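Chain IDs A, B, C and D follow the sequence of writing; residue 1 opens each chain.
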Amino acid sequence: MSEIIDRIHDLPTLRDALREFAEARDWRPYHTPKNLAMAMIVEAAELVEHFQWATPEESMALPPAKLLEVREEVADTLIYLVELADALDIDLIAAARDKIAKNAIKYPAPR
Amino acid sequence: MSEIIDRIHDLPTLRDALREFAEARDWRPYHTPKNLAMAMIVEAAELVEHFQWATPEESMALPPAKLLEVREEVADTLIYLVELADALDIDLIAAARDKIAKNAIKYPAPR
Amino acid sequence: MSEIIDRIHDLPTLRDALREFAEARDWRPYHTPKNLAMAMIVEAAELVEHFQWATPEESMALPPAKLLEVREEVADTLIYLVELADALDIDLIAAARDKIAKNAIKYPAPR
Amino acid sequence: MSEIIDRIHDLPTLRDALREFAEARDWRPYHTPKNLAMAMIVEAAELVEHFQWATPEESMALPPAKLLEVREEVADTLIYLVELADALDIDLIAAARDKIAKNAIKYPAPR
(Lines give C-alpha, C1' and ligand atoms only; values in the text may rest on other atoms or scores of the structure.)
Protein backbone atom coordinates (compact mmCIF):
# COMPACT_ATOMS: atom_id res chain seq x y z
CA MET A 1 0.00 0.00 0.00
CA SER A 2 2.75 2.44 0.91
CA GLU A 3 4.05 2.20 -2.65
CA ILE A 4 0.77 3.25 -4.17
CA ILE A 5 0.49 6.11 -1.67
CA ASP A 6 3.97 7.32 -2.58
CA ARG A 7 2.95 7.31 -6.23
CA ILE A 8 0.06 9.78 -5.69
CA HIS A 9 0.91 12.90 -7.65
CA ASP A 10 -2.33 13.95 -9.37
CA LEU A 11 -6.05 13.20 -9.36
CA PRO A 12 -5.89 9.93 -11.35
CA THR A 13 -3.20 8.44 -9.10
CA LEU A 14 -5.12 9.67 -6.05
CA ARG A 15 -8.26 7.94 -7.35
CA ASP A 16 -6.34 4.72 -7.93
CA ALA A 17 -4.87 4.73 -4.44
CA LEU A 18 -8.30 5.36 -2.93
CA ARG A 19 -9.79 2.46 -4.90
CA GLU A 20 -7.10 0.13 -3.61
CA PHE A 21 -7.44 1.48 -0.07
CA ALA A 22 -11.21 0.91 0.03
CA GLU A 23 -11.00 -2.52 -1.56
CA ALA A 24 -8.33 -3.74 0.86
CA ARG A 25 -10.67 -2.84 3.74
CA ASP A 26 -13.91 -4.14 2.17
CA TRP A 27 -15.35 -0.63 2.34
CA ARG A 28 -16.76 -0.71 -1.20
CA PRO A 29 -20.28 -1.82 -0.16
CA TYR A 30 -20.57 1.31 1.98
CA HIS A 31 -19.38 3.58 -0.81
CA THR A 32 -22.67 4.30 -2.53
CA PRO A 33 -22.91 7.80 -4.02
CA LYS A 34 -25.52 8.64 -1.39
CA ASN A 35 -23.22 7.70 1.47
CA LEU A 36 -20.14 9.31 -0.08
CA ALA A 37 -22.04 12.57 -0.58
CA MET A 38 -22.94 12.50 3.12
CA ALA A 39 -19.36 11.72 4.16
CA MET A 40 -18.11 14.55 1.97
CA ILE A 41 -20.40 17.19 3.46
CA VAL A 42 -19.44 16.03 6.95
CA GLU A 43 -15.79 16.70 6.14
CA ALA A 44 -16.70 20.01 4.50
CA ALA A 45 -18.41 20.99 7.75
CA GLU A 46 -15.34 20.08 9.80
CA LEU A 47 -13.53 22.56 7.58
CA VAL A 48 -16.22 25.19 8.09
CA GLU A 49 -15.96 24.66 11.85
CA HIS A 50 -12.44 26.06 11.86
CA PHE A 51 -13.76 29.34 10.47
CA GLN A 52 -17.09 29.75 12.23
CA TRP A 53 -16.03 32.27 14.87
CA ALA A 54 -13.12 33.76 12.92
CA THR A 55 -13.20 37.25 11.48
CA PRO A 56 -12.53 37.39 7.73
CA GLU A 57 -9.04 38.68 8.59
CA GLU A 58 -8.31 35.88 11.05
CA SER A 59 -9.40 33.34 8.44
CA MET A 60 -6.66 34.66 6.15
CA ALA A 61 -3.91 34.30 8.74
CA LEU A 62 -4.36 31.00 10.53
CA PRO A 63 -1.84 30.02 13.20
CA PRO A 64 0.40 27.17 11.95
CA ALA A 65 -1.19 24.49 14.18
CA LYS A 66 -4.67 25.40 13.00
CA LEU A 67 -3.54 25.49 9.38
CA LEU A 68 -2.34 21.89 9.74
CA GLU A 69 -5.75 20.86 11.02
CA VAL A 70 -7.46 22.70 8.18
CA ARG A 71 -5.11 20.98 5.72
CA GLU A 72 -6.35 17.61 6.98
CA GLU A 73 -10.00 18.59 6.57
CA VAL A 74 -9.29 19.90 3.07
CA ALA A 75 -7.69 16.53 2.32
CA ASP A 76 -10.64 14.58 3.70
CA THR A 77 -13.08 16.62 1.64
CA LEU A 78 -11.05 16.05 -1.52
CA ILE A 79 -10.75 12.32 -0.77
CA TYR A 80 -14.52 11.84 -0.56
CA LEU A 81 -15.10 14.07 -3.57
CA VAL A 82 -12.70 11.94 -5.62
CA GLU A 83 -14.38 8.75 -4.40
CA LEU A 84 -17.83 10.14 -5.18
CA ALA A 85 -16.77 11.22 -8.67
CA ASP A 86 -15.21 7.80 -9.22
CA ALA A 87 -18.39 6.01 -8.11
CA LEU A 88 -20.35 8.08 -10.63
CA ASP A 89 -17.69 7.80 -13.34
CA ILE A 90 -17.27 11.59 -13.46
CA ASP A 91 -13.98 13.07 -14.65
CA LEU A 92 -13.42 15.81 -12.08
CA ILE A 93 -11.13 17.98 -14.19
CA ALA A 94 -13.34 17.80 -17.29
CA ALA A 95 -16.38 18.60 -15.15
CA ALA A 96 -14.65 21.64 -13.65
CA ARG A 97 -13.48 22.82 -17.07
CA ASP A 98 -17.00 22.58 -18.49
CA LYS A 99 -18.43 24.41 -15.49
CA ILE A 100 -15.93 27.25 -15.73
CA ALA A 101 -16.68 27.62 -19.46
CA LYS A 102 -20.36 27.89 -18.54
CA ASN A 103 -19.62 30.39 -15.75
CA ALA A 104 -17.56 32.50 -18.17
CA ILE A 105 -20.71 33.01 -20.25
CA LYS A 106 -22.96 33.53 -17.22
CA TYR A 107 -20.63 36.04 -15.56
CA PRO A 108 -18.79 37.85 -18.35
CA ALA A 109 -15.69 39.72 -17.22
CA PRO A 110 -15.93 43.52 -17.35
CA ARG A 111 -13.39 45.20 -19.64
CA MET B 1 -10.00 33.57 -20.98
CA SER B 2 -11.21 30.75 -23.24
CA GLU B 3 -7.57 29.82 -23.88
CA ILE B 4 -6.78 29.36 -20.22
CA ILE B 5 -9.95 27.33 -19.77
CA ASP B 6 -8.99 25.06 -22.65
CA ARG B 7 -5.63 24.51 -21.02
CA ILE B 8 -7.12 23.08 -17.80
CA HIS B 9 -5.98 19.49 -17.55
CA ASP B 10 -5.00 18.97 -13.91
CA LEU B 11 -5.27 20.66 -10.52
CA PRO B 12 -2.49 23.24 -11.02
CA THR B 13 -3.92 24.45 -14.35
CA LEU B 14 -7.39 24.47 -12.80
CA ARG B 15 -6.09 26.62 -9.94
CA ASP B 16 -4.44 29.01 -12.39
CA ALA B 17 -7.61 29.40 -14.44
CA LEU B 18 -9.64 30.04 -11.29
CA ARG B 19 -7.18 32.71 -10.15
CA GLU B 20 -7.46 34.49 -13.48
CA PHE B 21 -11.24 34.10 -13.50
CA ALA B 22 -11.64 35.65 -10.04
CA GLU B 23 -9.19 38.46 -10.73
CA ALA B 24 -10.86 39.45 -13.99
CA ARG B 25 -14.13 39.87 -12.08
CA ASP B 26 -12.70 41.58 -8.99
CA TRP B 27 -13.96 38.70 -6.85
CA ARG B 28 -10.73 38.37 -4.88
CA PRO B 29 -11.86 40.55 -1.93
CA TYR B 30 -14.77 38.17 -1.34
CA HIS B 31 -12.56 35.09 -1.46
CA THR B 32 -11.50 34.93 2.16
CA PRO B 33 -11.03 31.36 3.44
CA LYS B 34 -14.08 31.86 5.65
CA ASN B 35 -16.29 32.77 2.70
CA LEU B 36 -14.85 30.10 0.42
CA ALA B 37 -15.46 27.42 3.05
CA MET B 38 -19.09 28.56 3.21
CA ALA B 39 -19.45 28.58 -0.58
CA MET B 40 -17.95 25.10 -0.74
CA ILE B 41 -20.34 23.56 1.78
CA VAL B 42 -23.26 25.18 -0.04
CA GLU B 43 -22.22 23.41 -3.24
CA ALA B 44 -21.62 20.18 -1.33
CA ALA B 45 -25.20 20.44 -0.07
CA GLU B 46 -26.55 20.94 -3.60
CA LEU B 47 -24.84 17.64 -4.36
CA VAL B 48 -26.36 15.99 -1.29
CA GLU B 49 -29.78 17.29 -2.35
CA HIS B 50 -29.75 15.03 -5.41
CA PHE B 51 -29.43 12.00 -3.16
CA GLN B 52 -31.62 12.88 -0.19
CA TRP B 53 -34.70 10.84 -1.14
CA ALA B 54 -32.85 8.23 -3.22
CA THR B 55 -32.41 4.65 -2.09
CA PRO B 56 -28.78 3.51 -2.00
CA GLU B 57 -29.52 1.57 -5.22
CA GLU B 58 -31.04 4.56 -6.99
CA SER B 59 -28.02 6.64 -6.04
CA MET B 60 -25.84 4.16 -7.95
CA ALA B 61 -27.87 4.34 -11.15
CA LEU B 62 -28.78 7.97 -11.77
CA PRO B 63 -30.77 8.83 -14.90
CA PRO B 64 -28.54 10.64 -17.46
CA ALA B 65 -30.17 14.06 -16.93
CA LYS B 66 -29.70 13.87 -13.18
CA LEU B 67 -26.13 12.67 -13.59
CA LEU B 68 -25.38 15.80 -15.60
CA GLU B 69 -26.76 17.96 -12.80
CA VAL B 70 -24.73 16.04 -10.23
CA ARG B 71 -21.64 16.48 -12.42
CA GLU B 72 -22.10 20.26 -12.21
CA GLU B 73 -22.41 20.20 -8.44
CA VAL B 74 -19.32 18.02 -8.17
CA ALA B 75 -17.51 20.57 -10.33
CA ASP B 76 -18.70 23.49 -8.19
CA THR B 77 -17.56 21.76 -5.02
CA LEU B 78 -14.13 21.05 -6.51
CA ILE B 79 -13.83 24.64 -7.77
CA TYR B 80 -14.37 26.13 -4.33
CA LEU B 81 -12.16 23.51 -2.71
CA VAL B 82 -9.33 24.43 -5.10
CA GLU B 83 -9.87 28.14 -4.43
CA LEU B 84 -9.90 27.57 -0.69
CA ALA B 85 -6.73 25.49 -0.81
CA ASP B 86 -5.11 28.17 -2.97
CA ALA B 87 -6.09 30.93 -0.52
CA LEU B 88 -4.46 28.94 2.27
CA ASP B 89 -1.46 27.89 0.18
CA ILE B 90 -2.29 24.21 0.63
CA ASP B 91 -1.14 21.67 -1.96
CA LEU B 92 -4.26 19.53 -2.36
CA ILE B 93 -2.53 16.42 -3.67
CA ALA B 94 0.21 16.49 -1.03
CA ALA B 95 -2.41 17.02 1.68
CA ALA B 96 -4.45 14.04 0.43
CA ARG B 97 -1.34 11.86 0.18
CA ASP B 98 -0.33 12.70 3.77
CA LYS B 99 -3.87 12.02 5.00
CA ILE B 100 -4.07 8.63 3.28
CA ALA B 101 -0.71 7.66 4.77
CA LYS B 102 -2.11 8.58 8.19
CA ASN B 103 -5.33 6.65 7.53
CA ALA B 104 -3.33 3.60 6.47
CA ILE B 105 -1.85 3.49 9.98
CA LYS B 106 -5.16 4.26 11.71
CA TYR B 107 -7.12 1.67 9.74
CA PRO B 108 -4.70 -1.14 8.90
CA ALA B 109 -5.93 -3.45 6.14
CA PRO B 110 -6.83 -6.99 7.24
CA ARG B 111 -4.80 -9.78 5.62
CA MET C 1 -55.45 20.64 6.41
CA SER C 2 -55.74 24.42 6.68
CA GLU C 3 -57.29 24.01 10.11
CA ILE C 4 -54.37 22.05 11.48
CA ILE C 5 -51.97 24.59 10.00
CA ASP C 6 -53.84 27.45 11.66
CA ARG C 7 -53.55 25.63 14.95
CA ILE C 8 -49.73 25.55 14.87
CA HIS C 9 -48.53 27.62 17.81
CA ASP C 10 -45.67 25.65 19.35
CA LEU C 11 -43.40 22.67 18.66
CA PRO C 12 -45.94 19.92 19.52
CA THR C 13 -48.64 21.40 17.26
CA LEU C 14 -46.03 21.92 14.54
CA ARG C 15 -45.01 18.27 14.84
CA ASP C 16 -48.63 17.16 14.61
CA ALA C 17 -49.27 19.26 11.51
CA LEU C 18 -46.13 17.87 9.86
CA ARG C 19 -47.20 14.30 10.62
CA GLU C 20 -50.56 14.89 9.00
CA PHE C 21 -48.97 16.71 6.06
CA ALA C 22 -46.55 13.84 5.33
CA GLU C 23 -49.19 11.15 5.77
CA ALA C 24 -51.65 12.86 3.44
CA ARG C 25 -48.98 12.82 0.73
CA ASP C 26 -47.64 9.31 1.40
CA TRP C 27 -44.23 10.79 2.17
CA ARG C 28 -43.68 8.69 5.29
CA PRO C 29 -41.69 5.92 3.53
CA TYR C 30 -39.12 8.54 2.46
CA HIS C 31 -38.84 10.00 5.94
CA THR C 32 -36.16 7.75 7.39
CA PRO C 33 -33.86 9.51 9.87
CA LYS C 34 -31.04 9.17 7.33
CA ASN C 35 -33.01 10.97 4.62
CA LEU C 36 -34.40 13.61 6.98
CA ALA C 37 -30.90 14.41 8.24
CA MET C 38 -29.82 14.93 4.62
CA ALA C 39 -32.85 17.09 3.84
CA MET C 40 -32.18 19.16 6.93
CA ILE C 41 -28.55 19.90 6.09
CA VAL C 42 -29.58 20.85 2.56
CA GLU C 43 -31.94 23.48 3.99
CA ALA C 44 -29.29 24.61 6.46
CA ALA C 45 -26.96 25.16 3.50
CA GLU C 46 -29.58 27.22 1.67
CA LEU C 47 -29.56 29.40 4.76
CA VAL C 48 -25.76 29.57 4.78
CA GLU C 49 -25.84 30.56 1.10
CA HIS C 50 -27.51 33.86 1.96
CA PHE C 51 -24.55 34.76 4.14
CA GLN C 52 -21.59 33.39 2.21
CA TRP C 53 -20.38 36.63 0.64
CA ALA C 54 -21.79 38.96 3.32
CA THR C 55 -19.59 40.83 5.76
CA PRO C 56 -20.46 40.20 9.41
CA GLU C 57 -22.07 43.64 9.44
CA GLU C 58 -24.16 42.99 6.32
CA SER C 59 -25.36 39.73 7.85
CA MET C 60 -26.79 41.74 10.75
CA ALA C 61 -28.75 44.14 8.55
CA LEU C 62 -30.36 42.14 5.75
CA PRO C 63 -32.55 43.99 3.26
CA PRO C 64 -36.26 43.14 3.82
CA ALA C 65 -36.56 40.98 0.67
CA LYS C 66 -33.54 38.90 1.65
CA LEU C 67 -34.77 38.58 5.21
CA LEU C 68 -37.99 37.05 3.90
CA GLU C 69 -35.98 34.48 1.94
CA VAL C 70 -33.86 33.71 4.99
CA ARG C 71 -37.04 33.33 7.04
CA GLU C 72 -38.20 30.61 4.65
CA GLU C 73 -34.92 28.73 4.89
CA VAL C 74 -35.01 29.00 8.68
CA ALA C 75 -38.52 27.53 8.53
CA ASP C 76 -37.45 24.68 6.24
CA THR C 77 -34.56 23.80 8.52
CA LEU C 78 -36.83 23.76 11.57
CA ILE C 79 -39.43 21.66 9.73
CA TYR C 80 -36.94 18.91 8.91
CA LEU C 81 -35.40 19.09 12.37
CA VAL C 82 -38.85 18.59 13.93
CA GLU C 83 -39.57 15.69 11.56
CA LEU C 84 -36.21 14.10 12.32
CA ALA C 85 -36.70 14.45 16.07
CA ASP C 86 -40.19 12.98 15.70
CA ALA C 87 -38.88 10.01 13.70
CA LEU C 88 -36.38 9.32 16.49
CA ASP C 89 -38.87 10.05 19.28
CA ILE C 90 -36.69 12.85 20.63
CA ASP C 91 -38.28 15.67 22.63
CA LEU C 92 -36.56 18.72 21.15
CA ILE C 93 -37.08 21.05 24.10
CA ALA C 94 -35.95 18.49 26.67
CA ALA C 95 -32.91 17.68 24.54
CA ALA C 96 -31.98 21.37 24.30
CA ARG C 97 -32.50 21.88 28.03
CA ASP C 98 -30.24 18.93 28.87
CA LYS C 99 -27.59 20.17 26.45
CA ILE C 100 -27.58 23.69 27.89
CA ALA C 101 -27.25 22.28 31.41
CA LYS C 102 -24.23 20.29 30.17
CA ASN C 103 -22.77 23.36 28.44
CA ALA C 104 -23.20 25.41 31.64
CA ILE C 105 -20.81 22.99 33.36
CA LYS C 106 -18.41 22.81 30.41
CA TYR C 107 -18.25 26.58 29.92
CA PRO C 108 -18.77 28.15 33.35
CA ALA C 109 -19.66 31.83 33.24
CA PRO C 110 -16.99 34.23 34.51
CA ARG C 111 -18.01 36.35 37.52
CA MET D 1 -28.42 30.23 35.51
CA SER D 2 -29.68 26.84 36.63
CA GLU D 3 -33.06 28.40 37.38
CA ILE D 4 -33.50 29.76 33.89
CA ILE D 5 -32.44 26.41 32.43
CA ASP D 6 -35.04 24.63 34.55
CA ARG D 7 -37.67 26.99 33.26
CA ILE D 8 -37.09 26.03 29.58
CA HIS D 9 -40.31 24.43 28.37
CA ASP D 10 -40.91 25.87 24.90
CA LEU D 11 -39.18 27.91 22.20
CA PRO D 12 -39.57 31.35 23.85
CA THR D 13 -38.14 30.17 27.18
CA LEU D 14 -35.35 28.37 25.29
CA ARG D 15 -34.55 31.60 23.44
CA ASP D 16 -34.48 33.55 26.71
CA ALA D 17 -32.14 31.07 28.37
CA LEU D 18 -29.82 31.15 25.35
CA ARG D 19 -29.73 34.95 25.43
CA GLU D 20 -28.75 34.91 29.08
CA PHE D 21 -26.22 32.14 28.52
CA ALA D 22 -24.47 34.02 25.70
CA GLU D 23 -24.50 37.34 27.54
CA ALA D 24 -23.02 35.86 30.72
CA ARG D 25 -20.10 34.57 28.62
CA ASP D 26 -19.64 37.67 26.46
CA TRP D 27 -20.35 35.57 23.38
CA ARG D 28 -22.71 38.08 21.81
CA PRO D 29 -20.07 39.76 19.60
CA TYR D 30 -19.43 36.39 17.93
CA HIS D 31 -23.10 35.73 17.34
CA THR D 32 -23.55 37.45 14.00
CA PRO D 33 -26.10 35.75 11.72
CA LYS D 34 -23.23 34.75 9.42
CA ASN D 35 -21.36 32.99 12.22
CA LEU D 36 -24.49 31.41 13.71
CA ALA D 37 -25.47 30.01 10.31
CA MET D 38 -22.01 28.43 10.06
CA ALA D 39 -22.21 27.02 13.59
CA MET D 40 -25.64 25.59 12.83
CA ILE D 41 -24.57 23.75 9.70
CA VAL D 42 -21.57 22.34 11.55
CA GLU D 43 -23.92 20.83 14.14
CA ALA D 44 -26.26 19.63 11.38
CA ALA D 45 -23.29 17.82 9.84
CA GLU D 46 -22.41 16.16 13.15
CA LEU D 47 -25.94 14.81 13.04
CA VAL D 48 -25.53 13.65 9.44
CA GLU D 49 -22.28 11.91 10.42
CA HIS D 50 -24.18 9.45 12.60
CA PHE D 51 -26.14 8.30 9.56
CA GLN D 52 -23.56 8.38 6.79
CA TRP D 53 -22.78 4.67 6.64
CA ALA D 54 -26.11 3.46 8.02
CA THR D 55 -28.67 1.68 5.88
CA PRO D 56 -32.11 3.34 5.90
CA GLU D 57 -33.26 0.52 8.21
CA GLU D 58 -30.36 0.97 10.63
CA SER D 59 -31.10 4.71 10.77
CA MET D 60 -34.58 3.87 12.05
CA ALA D 61 -33.35 1.64 14.87
CA LEU D 62 -30.36 3.29 16.50
CA PRO D 63 -28.72 1.59 19.46
CA PRO D 64 -29.49 3.48 22.71
CA ALA D 65 -25.96 4.89 23.10
CA LYS D 66 -25.97 6.25 19.57
CA LEU D 67 -29.45 7.67 20.01
CA LEU D 68 -28.18 9.66 22.99
CA GLU D 69 -25.37 11.10 20.86
CA VAL D 70 -27.83 11.95 18.08
CA ARG D 71 -30.08 13.61 20.66
CA GLU D 72 -27.23 15.93 21.61
CA GLU D 73 -26.55 16.88 18.00
CA VAL D 74 -30.26 17.51 17.44
CA ALA D 75 -30.16 19.78 20.49
CA ASP D 76 -27.08 21.65 19.26
CA THR D 77 -28.67 22.24 15.86
CA LEU D 78 -31.86 23.55 17.47
CA ILE D 79 -29.87 25.79 19.82
CA TYR D 80 -28.05 27.53 16.97
CA LEU D 81 -31.22 27.74 14.90
CA VAL D 82 -33.00 29.47 17.79
CA GLU D 83 -30.07 31.85 18.27
CA LEU D 84 -29.95 32.61 14.55
CA ALA D 85 -33.69 33.27 14.41
CA ASP D 86 -33.38 35.49 17.49
CA ALA D 87 -30.52 37.48 15.94
CA LEU D 88 -32.69 38.09 12.87
CA ASP D 89 -35.87 38.70 14.90
CA ILE D 90 -37.63 35.79 13.19
CA ASP D 91 -40.49 34.02 14.98
CA LEU D 92 -39.65 30.36 14.29
CA ILE D 93 -43.16 28.99 14.76
CA ALA D 94 -44.81 31.67 12.63
CA ALA D 95 -42.18 31.15 9.93
CA ALA D 96 -42.80 27.38 9.92
CA ARG D 97 -46.58 27.87 9.85
CA ASP D 98 -46.31 30.23 6.86
CA LYS D 99 -44.00 27.81 5.05
CA ILE D 100 -46.30 24.84 5.58
CA ALA D 101 -49.25 26.88 4.27
CA LYS D 102 -47.17 27.65 1.18
CA ASN D 103 -46.14 23.99 0.80
CA ALA D 104 -49.79 22.92 1.08
CA ILE D 105 -50.51 24.92 -2.07
CA LYS D 106 -47.33 23.79 -3.87
CA TYR D 107 -47.84 20.11 -3.07
CA PRO D 108 -51.61 19.56 -2.86
CA ALA D 109 -52.57 16.30 -1.15
CA PRO D 110 -54.10 13.65 -3.41
CA ARG D 111 -57.68 12.63 -2.52
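Please note the rule applied: a contact is a pair of C-beta atoms (placed from the backbone, for glycine too) under 8 Å apart; a residue touches a chain by one contact, two chains touch by 3 or more.
Remember, predicted model here, so these are calculated numbers, not experimental data.
S.K.: If you tally contacting C-beta pairs, which comes out ahead, B-D or A-D? Let me know.
M.R.: A-D
S.K.: With residue numbers as the basis of comparison, which of the pairs A-C, A-B or A-D duplicates the interface of B-C in over half of its contact pairs?
M.R.: That would be A-D, since it shares over half of the contact pairs of B-C.
S.K.: Any idea how many Å lie between the Cα centroids of subunit C and subunit D?
M.R.: The computed centroid separation for subunit C versus subunit D comes out at 5 Å.
S.K.: As a quick test, compute the distance in whole Å between the mean CA positions of subunit B and subunit D.
M.R.: Centre-to-centre distance between subunit B and subunit D: 28 Å.
S.K.: Of all residues in subunit D, which are in touch with two or more distinct other chains?
M.R.: 35, 38, 41, 44-45, 48, 51, 55-56
S.K.: Would you tell me which residues of subunit A are touching subunit D in their complex?
M.R.: 30, 35, 38-39, 41-42, 44-46, 48-49, 51-53
S.K.: Which residues, counting only subunit C, touch subunit D once they are in their complex?
M.R.: The touching residues are 1-2, 5-6, 8-11, 14, 17-18, 21, 24-26, 32-35, 37-38, 40-41, 44-45, 47-48, 50-51, 54-56, 59-60, 62, 67, 70-72, 74-79, 81-82, 84-85, 87-88, 90, 92-93, 95-104, 107, 109-110.
S.K.: Along subunit A, where are the residues that touch subunit C in the complex?
M.R.: Residues of subunit A touching subunit C: 38, 41, 55-56.
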